[in-house]
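Two complexes follow with chain A in common, the first pairing it with chain B and the second with chain C.
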Partner chain A sequence: MDAVLARLATALSEMGFVVDVTGAATVLLWLGVVAALVALGVALRKRVNLTVWFAGLVVTAPLLLVLGLSFQNDPHQIDSPLVGRPAPDFLLSPIDGGAPVRLSEQRGTPAVVNFWATWCVPCKAEHRTLVAVARRMEGKARFFGVVYQDEPAKIRKWLEGAGSAYPQLLDVGSKAAIAYGVYGVPETYVIDGDGVITYKFTGPVDAASLLSKLAPLVGS
Partner chain B sequence: MRLAALLLAGFALAQTPLAPLAGAAPPVTPAPASPAAAEVPAASRLAIDPAELIGPPSGPPLSGEALRAQTHVVAKLLRCPVCQGLSVADSPSESALAMKAEVQDLVALGYDTEQVIAYFEASYGEFIRLEPKFEGVNVFVWAAPVLLVVLGGAWVIGSVSLAGRRRAQKDAAAATASSASPTPSDPALAEYLRRVREESR
Partner chain C sequence: MIAYIGQGFVLAGLLCAAAGSVAGFGAGAMRSATGWAWARGLALGFSACMVLANLTMVYALLIHDFSVRYVAQVGSLVSPAYITIVSLWSSLEGSILFWGFILGIYVAAATLLNGDKNPSTMPWATGVWLAVGTFFCFLLAGPANAFLPAPSPVPLDGPGPNPLLQNHVLMIIHPPMLYLGYVGMTIPFGIAAGALFAGRLEASQIAPLRRWLLVAWGFLTVGITLGGWWAYEVLGWGGYWAWDPVENASLLPWLTATAALHAAMLPQRRAALKGWTVTLVLASFLLTLLGTFMTRSGVFNSVHSFSQSDIGPTILAFLSICLVFSVALLALRIDKLEGEGAVTTVVSRETAFLLNNLLFVALTFTVLIGTTFPLIAEAIRDVKLSVGEPYFNRMAVPIGVSILFLMGVGPALPWGQASTERLRTQLVPPLVVGALVVGVGLGAGLRDFWPLATLGCGGFSVWVTVREMVAPVRAQVAANRAGGLGSAFGAAVASNHRRIGGYVVHLGIITMIISIAMSSAYSVDAELRLAKGECAAFEEYQLCYEQARTEQEAHRSLQIADIRLTRGDSSSIVSPALVTYPSMGTPIGAPDVRTTPGYDLYVSLMSVTPEGVGLHVYQKPLIVWIWIGAGLAALGTLFSLTPLRWLQGGRAVSAEAAVAASK
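Moving on to the complex of A and B:
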């Protein structure tokens, strides 16, 4: 069964459907549904035209399989074309004033760029994780928070309560967000010492995943 | 059966990706321009230098009405990244307005439609196109509705003409049957029999 599923997975991925077929449950369920439909047709053979019934099943059964397997995909996880390419440079001003910060200033150290906003609940939830990882990676990796489509007063007020361990920058006119291809917040980009994006997190990050992506870059 | 074929054809037509092109008139108010727009040249307001990404502009710089019109044309082809199936031109969201401003800056420099789309595709990926490109698996998305309408239409025409032919055959058979069987000698009964045969066809 596993060998069949492995071959099915390879065939589907070559067609462009990236699915995880290692779980036999979905395929078994599909087989059960198709078998039930066949049995239904046979049971009703006096009232339905079996040729038409099976012709319909030939069309519907593969579509049902694709439907079932597609539930494993999250439509919000869009592949970023920037992974493996140089991170767009930005020059943004910190929320609490001071000189504008340029991403490419300290090239050589890996960086983490996190897009967030105060109106985004998962962003506020992941903030603690990011601050904790930033403190742990002090000196080994630079962290940047880019606040997206928000008001400085609100951001300052929230940060007073939540605290921060790295520069929080204001993205005026969403220019940085467009340059990074941000589809929504939170999104976090992991950048290596040469300025190349190695990974993009869509949605809130957890400490374990972030550390696992940073570890090879930091060399620890 | 025929009804099913018609419904299938109608359903297929409704799924056609041409739906986004059925747009409203161009918006009356243009995208808000920053107060510093007059002093700062368009290229330096963009986050990425477009020449690095997509090369030099292919056409002359645009301004005024031509700029607004071309911006609208290009904005209609880009997807608003934070909306569900809305174009950048139609969406009132802040992201869409920011993208429209960048489209305007690029078009003002003289970049054509494909170049501007490529600029955003470099950051967002192919999903930023509102309509899928006509290649690979997407060919099926474009071709399937047309194919289904053609096949469904052929099926409907075929089954209607088949039904017509069957009905003609049945009439002919009924006619020969009625002429084969003897008519009763009683004229009233013969007339009654003829009417029954007419009505039962």
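Moving on to the complex of A and C:
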């Protein structure tokens, strides 16, 4: 069954529709129900008003398909014009002191840049995910946290509780955030070895999605 | 403990609703009086369970019992009591619970008011209401359970409800009004479905159908307008309506319900178009479900969306079932309703009503397509796009002006065939008034087509409306004068209260359409950047930036700019602000609005820096009349629904008879 759905999803994608496996299942279910209703209408043609039956189907069936398919989209995912372009460079100081970090220093290794803040509630749960993924990708990808519109004292206290596995940089004057067009926190940018942004997450990331975006970049 | 009591009430409600629904359908099919009595009893039981479940939650909120997860989510020890009560509907699970409460009240009222009248259709209707009740109880018992225990350890305090809900009193009234409108559509839906099941729609059922439809319509009108008013007063972008998917979702059932209210007058008068009326009623309910899906599925991005949740697919499944059920029911039974009468005359009030219905349905489809188009585009081409104001305005303005014109034509035409002579006396004076209004507009320097058309049609319709509202009362007073003028007037008003109420609603809507047209066509705005002490001119005003200050409140912080506003000799301080909530990143504007009958001056703060402030200033004509128009519409609805029998005394003469006598 899964194979059938996957093939249907591919076929539909080749036709230009944007459908994942769940979407393919939705389409299949929808086709089945519509076919059944058409058959039922024909079978009951003596008893039903066929005009009403089919007019009703024509109006409601496409609407239901569109609504059913819409679950695969996340409306909060805002396309960034930066995807496919070189990532803006930054030179920012780590929160725990030490030399300023430049993003372009280690070209060749993919990078993940996460914008967050201590006042952002969803960032807390996301932080755990990021730390876990960063540990797992150690040596294969670099992770940077950029703290947006916040105070060093609060950040240190927050990190003491939450722990960290990668540099947390202080974005003084929100310069990096402005360069990346950050709309709200958290936002996470995936950057390939050539320094080009390949993906942007709006809102908290989950481990599976982040790993799936990193996999083609680290080449394993 | 409280969590278990609440769950108990929800489960008991589920039981009552499911059993009552079965009893209702069974009683309808077998014409069993006992079955129906059971269904009514179970309906009342369902209502009681819903009320008690809600009271339980309010109690849990008030005593801050954070062992209930919902209380832990939205409660907070620092919130004042009224905010605590409001947080009942501030988040997903609570809003569904509150939904159940309103449905319970409606079902109880409809059941008690009907008693055992209309035994052929009402058992079916009870069955349908309780089927809807079963679904919402199922949501409450499973996917959207508000009474789940909090994960241990029980938190000591909660974050409080969504901050947007806390910052304006309108936000406290707007959601319940809208819910009352949405949920209220269930009652006419049940009656219409009952009529289809029974295969007959008699005059004795059309009256309650229209009445319940009007109740829901009135709440929907108020709810939608309050939402616009809130957006205008709070969000600071100078507008009240953005064609946002969720706003559209509330407009859709309003449009079909308006059409249905008018369509329902035809079967009452001519025994015609019963099937069409029923279709519109079913559509209104289905569109409220669509709206529920839009707000709660997380599919649309909107200020109204609740957080991403898993109940989207469940609601979509319910919507699909209801759609298929409605289409099948219509297709199977619609032919039974028709056949008694038809609209044959060309120039008559009936035709005007048909045109009205066509326009409303056209507008419904326009808005529906515009709302769902981004989803279609995303499914087909993976592009994010939004259908913006230009599309909606280009489509909605001509339809809106046509409807405005019909609001004059319809009431001016008689039922049945109109003679040419009659047409002339009815239509020429208001047309002249309309032309005069256009002349005044031209004289005042207006040159744009649509605003002038709106003014002309508005003048025409106001004249007709007032004339038709007053004429029967005058005729009746003249006929009954002998018993004293005062009581004759009272009796005339009482016996015409539905007509008068209807025309007051019309006046309110006309006022709204005109002020919406004027305020969108003739609004002026400017963005100003002012350094401290600097002044700038805007229209007839002088704005000077005096100082910036910050205020810290328990749950938010405000950056306020004091701007001295001078016009001629009078001057005052306006204080727009930027409000920051700890749980939200971007600050929200809190504009300062100065309202006058002629126009609003709207000052919105964009930014505060050490160098100065950025302001967006708007002058928008006639805005206040939008809210006044909606108030009139609400009053008219209320007046139309109030029986006023005590005023009628013993000598009511029907409006038609009085008009006939005066000729």
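The working rule: the second predicted complex is superposed on the first by the 144 of 220 C-alpha atoms of A that agree within 3 Å, B and C clash if a C-alpha of one lies under 4 Å from a C-alpha of the other, contacts with A are read in each partner's own complex, and residues count from 1 in each chain.
The rule we apply is simple: a residue touches a chain if its C-beta (ideal position, glycine included) is under 8 Å from a C-beta of that chain, and two chains touch if they have at least 3 such contacts.
Predicted model only: the values in this text are computed from it and were never measured.
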item: Chain B versus chain C as contact partner of A:176, first or second or both or neither; value: first
item: Touched partner set for A:108, first chain B, second chain C, both or neither; value: neither
item: Chain B versus chain C as contact partner of A:161, first or second or both or neither; value: neither
item: First, second, both or neither for A:47, with chain B first and chain C second; value: second
item: First (chain B), second (chain C), both or neither touched by A:184; value: both
item: Which superposed partner A:219 touches (first chain B, second chain C, both, neither); value: neither
item: Partner chain in contact with A:37 - chain B first, chain C second, else both or neither; value: second
item: Between chain B and chain C, more extensive residue contact with chain A; value: C
item: Touched partner set for A:67, first chain B, second chain C, both or neither; value: second
item: Overlap of chain C and chain B interfaces on chain A (superposed complexes); value: 16, 78-79, 149, 184
item: Chain C to chain A touching residues, read off their complex; value: 159, 290, 293, 297-301, 305, 312-313, 316, 319-320, 323-324, 326-328, 330-332, 334-335, 368, 372, 375-376, 378-382, 384, 582-583, 585-586
item: Sites on chain A touched by chain B in the complex; value: 15-16, 78-82, 88, 90, 149, 173-184
item: Interface residues, chain B side, partner chain A - complex; value: 34, 45-48, 81-82, 94-95, 98-99, 101-102, 120-125, 127-128, 136-137
item: Chain C contact footprint on chain A (complex, rising order); value: 16-19, 23, 33, 37, 41, 44, 47-50, 52-53, 56-57, 60, 63-64, 66-71, 73, 75-79, 117, 119-121, 149, 184-185
